[in-house]
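A, B, C and D are the chain letters, set down in written order, and residue numbers restart from 1 in every chain.
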Amino acid sequence: MDPCFSFTRKQEENEDIDSMPSNKKGLLERLAEGVVIGDGGMIWAMELKGYAEAGKYTPEAAVEHPEAVLQMHREFVHNGAEVLQTCTFWSSKLEEETVEGVSVNDAACALALKAAKEASDPILVAGSVTKTDLYEQGESKEVVQAEFRRQLDFYVRNDFDFVIAEFFDHVLEAEWAVEVLKESGKPVLATVCIGPEGDADSFSPEQCALRLARAGADVVGVNCRFGPQTCLKTVAMMKRALKLAKLDHVYLAVQPYGYHTPDAPINGYSGMKEFPFAMDARVMTRIDAYNYAKEASKLGVRYIGGCCGFEGRHIRSMSEALQGKTGRIAPVTKRYGKWINTYADKDDERADAKHWLEMKPATGRPKSSAMSESVKYS
Amino acid sequence: MDPCFSFTRKQEENEDIDSMPSNKKGLLERLAEGVVIGDGGMIWAMELKGYAEAGKYTPEAAVEHPEAVLQMHREFVHNGAEVLQTCTFWSSKLEEETVEGVSVNDAACALALKAAKEASDPILVAGSVTKTDLYEQGESKEVVQAEFRRQLDFYVRNDFDFVIAEFFDHVLEAEWAVEVLKESGKPVLATVCIGPEGDADSFSPEQCALRLARAGADVVGVNCRFGPQTCLKTVAMMKRALKLAKLDHVYLAVQPYGYHTPDAPINGYSGMKEFPFAMDARVMTRIDAYNYAKEASKLGVRYIGGCCGFEGRHIRSMSEALQGKTGRIAPVTKRYGKWINTYADKDDERADAKHWLEMKPATGRPKSSAMSESVKYS
Amino acid sequence: MDPCFSFTRKQEENEDIDSMPSNKKGLLERLAEGVVIGDGGMIWAMELKGYAEAGKYTPEAAVEHPEAVLQMHREFVHNGAEVLQTCTFWSSKLEEETVEGVSVNDAACALALKAAKEASDPILVAGSVTKTDLYEQGESKEVVQAEFRRQLDFYVRNDFDFVIAEFFDHVLEAEWAVEVLKESGKPVLATVCIGPEGDADSFSPEQCALRLARAGADVVGVNCRFGPQTCLKTVAMMKRALKLAKLDHVYLAVQPYGYHTPDAPINGYSGMKEFPFAMDARVMTRIDAYNYAKEASKLGVRYIGGCCGFEGRHIRSMSEALQGKTGRIAPVTKRYGKWINTYADKDDERADAKHWLEMKPATGRPKSSAMSESVKYS
Amino acid sequence: MDPCFSFTRKQEENEDIDSMPSNKKGLLERLAEGVVIGDGGMIWAMELKGYAEAGKYTPEAAVEHPEAVLQMHREFVHNGAEVLQTCTFWSSKLEEETVEGVSVNDAACALALKAAKEASDPILVAGSVTKTDLYEQGESKEVVQAEFRRQLDFYVRNDFDFVIAEFFDHVLEAEWAVEVLKESGKPVLATVCIGPEGDADSFSPEQCALRLARAGADVVGVNCRFGPQTCLKTVAMMKRALKLAKLDHVYLAVQPYGYHTPDAPINGYSGMKEFPFAMDARVMTRIDAYNYAKEASKLGVRYIGGCCGFEGRHIRSMSEALQGKTGRIAPVTKRYGKWINTYADKDDERADAKHWLEMKPATGRPKSSAMSESVKYS
């Protein structure tokens, strides 16, 4: 019997977790010491594999295909992620948040906990709350915050290591979320999904960072919607603002979309013609992930993860790029060494790390342009 | 206890398999009726996830991370593959073909059988033999064939549905393999990994097809090394030759590399600067997979699968493109419908299938060219 | 005897010019009525043809190959330019500004006047002053302005229609030039060669526009260094500033570089790897010129010309795009009609103007990227 | 009075020509000694400048704008062309071949002769005959050859140095032309405008070369329709055929289209979406021209010229690349030195010839693909 195939054993699992050595370092301790490598986006990965639906992006896979969810968590851990986020994205959009009578959130929590427990190194488990339809519908702060509180409850009950507010278009809504998450007593990481032009209400990245920090977030930054280069540009703006406001004890986080979006409109991938089914040509290589991690670290970002599109090879590359900053060696690296040194004989130019790090990979697509026009709505 | 986590139960598993309903249709029956959708390449997928090493590409994952191998099989089945190939690629390069005392081939066979058994539809399981170092070293036909016979033994013992000879640079070696595989009494699918310029000994695609057919292969074609467009071009040449030689009762198979290679040199991806770590920009979209499947079917190819780089979304798209030719609906499609109809509202151009099928996706890489120079060896 | 081949007849020519009907409208009258189409850059065109040296860009061609200079003027007029600028760019860098005893400036003035005189429509002739080395060397305002005055003298003596201050990296130097040019009593058009990031002293486009306007320029804008899209973006910034400052009686001018430079560094083409010998792939099509002219006019720009890289086909396209705004039909258009209507039969998609106006032309360069890194200096 | 502006002096001009030193070497002598640099296409250049109409491509400019035609000839000579071809392309499509009573062919001949006479080095003048509508209409050999004879008459009367048969889609028609041209007693250069797939009747490049050689052409090859790389590929096929047939005393000629066409359909640029108004992005750089000339010479081609799209900078680059093979230094090179050495200071990477010769220039067009689909006819 295994959560891979059934959820009846969830209680038992959690008992096991309770007995885990409690001496693992928390998020803030780790951030104080150096860089923390995050994971990639669960729901996007599930869609690619046929376990979720594009557009809806609800996490029924946690109940319907737990083995797929569990294996994705394992892949992230194997490749060096120090954190697992539950596969609960937009679970609130599922009817009653259950599938065949099983709570999706409970199932998802159990899977993340199981993967963490299996790992040879101590892994942090985080739960996240995301933007609500309620806010867009104009509901009051009380109503919106009640919803956040309801979501938070799962993570509190499971004694998660920290909590995340993410995927917010409105920094104002994110602030409400942060206020609620603070109630848990856990460290709070809060991100908006914006580019350098700011949020849906025209709050600039600088303003967003200050608002989230002042609302009490321990870590602030951006996630999703824009590729790594755009996200780093946005975070750099946040950094300057925090510094000027003498709020630079607040850590920075970045969890970009795993695809290059130099031509994204103000709402990021949502307005791109290739989203969601034809983004593939834009996907980051492991080299892109390597360089992204190096740049993020150089910029002073401490929480360096990914979002939709980041898979094992990206996390591995980030982990290997920043081994000196994390003090950790990913399981895959212990087994095989750093990927950059593992291919080809000496008389082949591919044996040289420079070959890879300075490469501008060809696209193999002579009938594709580099950038495209944004979606036109009729 | 579960093969996900242990292999002690292998015997028991096989007993279960023995008791499976034997009324599933075999490969040749299916090919006679219509198109058969193959799976994607296991070892490449394992490398992307950190469970294999680029360059070596040996399948120790079958023992070290069986849950990863099993889950990949499941992903293929979930997305519509009718065939599972064992994760045994280049197992002969492992020392004694064991890892920690467990036979990799045995473990890999058990995983493919388990995934097939779990499936709601009858799935064919195939084992493959590939090129040997012995041939390149100039060993005799007897020695090389003995090696093929040794590999074949695993599949015979496990009563596999059919056998495959694949990844051959020399059609002459492939012929020797076909002769051995024929001894099993199982259907034999044989492919060379060549482009339109022919094999390593300058045998043209036409000659390769005829030689494989005359050696007794039931299905002939190409796999790996070149992207879908190049493979289809090569198979078209094979088709004409078989027709002219009145050998068109032999079925055609194509299992391309999942990346576009319009600029590949004669040895395919092996000579490309981006191989293996920077191929990502070239990866097929699910649209490419859709169009590839349609074209392959139009050309008369009956066995339409993939090789390295094909993942769930590609298999799904091929399955959905050819539903009318296979008479099967993939599990993912039963659950969610065809992907092409599932995104966006009517006032968004992305709600229109034409938007996707006619798209030339932008690459998001303004500093990348479409094609590159081949590797220079020093 | 003809100025094509000798300059001894210059006096006589000028007498002819004196007898030209004086009822042609001046620059400001034309700008008040609508759009004025400028010409393209003379010295770049001379270099392409082998009559000038890249890097130096001095106008010895006016004496050494007057027929080439004259013919280029004619080409601009034939294609719809209403203005001819003399081929005097950087004449001050020539030793004593003479070639074989002939004054380059005198020769260049005669050629522009001759081409204007020949034209069937009244053409304006303009002389320009450009940045001096003196300014960069830290010379005083008096010294720098004395140099401008010396240059201006040629144009005053030849009774030119208006004067231009252009190719300035420092708006402060451009202001000094404007002050001198105002002394002529002629209309003054003043441009800086900057992008949206501003001039070499970090004056923003907005500040540059205001300074030039306040110094007395009748027309302000940008020229050269950046391609059409970048120039229009810069001019849009200038426009807003002039409007806010209630200086919108000052006309706007734009004379871009004729090549696309989306990846230009702050100093424009000067810092691009392809400059000057490999810019060809970036050259504007006549369609680009058409769309550029339409956009410039829509933005409210009245003086719409080109700089380096603009040749006959571009000027024609701008003239044809804005026929309704200029009230003029170019000689080439009178002879052949608008180019957009002249190719192909009805059953060919190229017979449709939409085919051309919506086209994103392929580059034919599969080994080229869209953008490049800037020059690295050792 | 000057042919720049009037043609009444044509007789007188020709008298002057008659008195030219007759010791200039003829085409065959030059080819025997080394490489001969040709010129570029006249009619395409005239269209770009507004003196001809796209699609029609008739040479009325020779009468309407003789100064433009003359100046283009001069540009080619100045940049190193050793040959001038008359601007008579498709003159037969003009009504009665006159414009305002003046014979276009006479005017065009006079202009080429004048430009040759002016030159400091001895320049060869060549007249060409091109495909007729008569052939396509099915007229007899007699009728078609009578038309060629009529065209040839102009060149014979003007005592041209050699004659060219070019722009033939059907090698059979080209053979008829060669037979007629041979009657002149002048050297005959004959090209077809085909790619590697052969002519409109499926004669392969090899067959075309043999047929032209056997019809008596002294020089055979290809011109126009395809870019330089494609043309060189085709000529290489011709070369092998001539060698095998022991006809390698026949010289090879190549005069490509000046734009890259890796994606051209079988009829070359005629079937390309960008033809004729949006080819600009594909235009050869002077570096491309340099490398093209080197490759052509290495392949053994002796007559190396250009066709539509080649302008001064390309001819210069070809001349400078092959100075050692021609024994000539172009006037532009005498004046300024080789372009490749003339830009930038030592601390700028652009001072290094390698910078230019190894460059893959960026296109500046992030919304353009490298290749495009061919024209669809309705």
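As a working rule, contacts are C-beta pairs under 8 Å (C-beta built on N, C-alpha and C of every residue); 3 or more make two chains touch, one makes a residue touch a chain.
What you see is a predicted model; the values in this text were computed from it and never measured.
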Most widely separated chain from chain B, with each centre as the mean of CA atoms: C
Pair joined by more contacting C-beta pairs (B-D or A-D): A-D
Whole-Å separation of chain centres (CA-atom averages), chain A against chain D: 61
Taking each chain's centre as the mean position of its Cα atoms, how many Å separate chain C from chain D? 32
Where chain B and chain D are represented by their mean Cα positions, the distance between them in whole Å: 51
Per-residue overlap in chain C, given as positions that touch at least 2 other chains: 262-263, 360, 362, 365-372
Under the touch definition given earlier, write down the residues of chain C that touch chain D in their complex. 2, 4-5, 48-51, 53-55, 64-65, 67-68, 71, 74-75, 78-79, 227, 259-263, 273-287, 311-313, 316, 330-332, 335-336, 339-340, 342-344, 347-350, 355-356, 359-372, 375-378
Which of the residues in chain B end up touching chain C in this complex? 262-263, 365-373
Please give the residue numbers of chain C that touch chain A in the complex, ascending. 360, 362, 366-367, 369-371
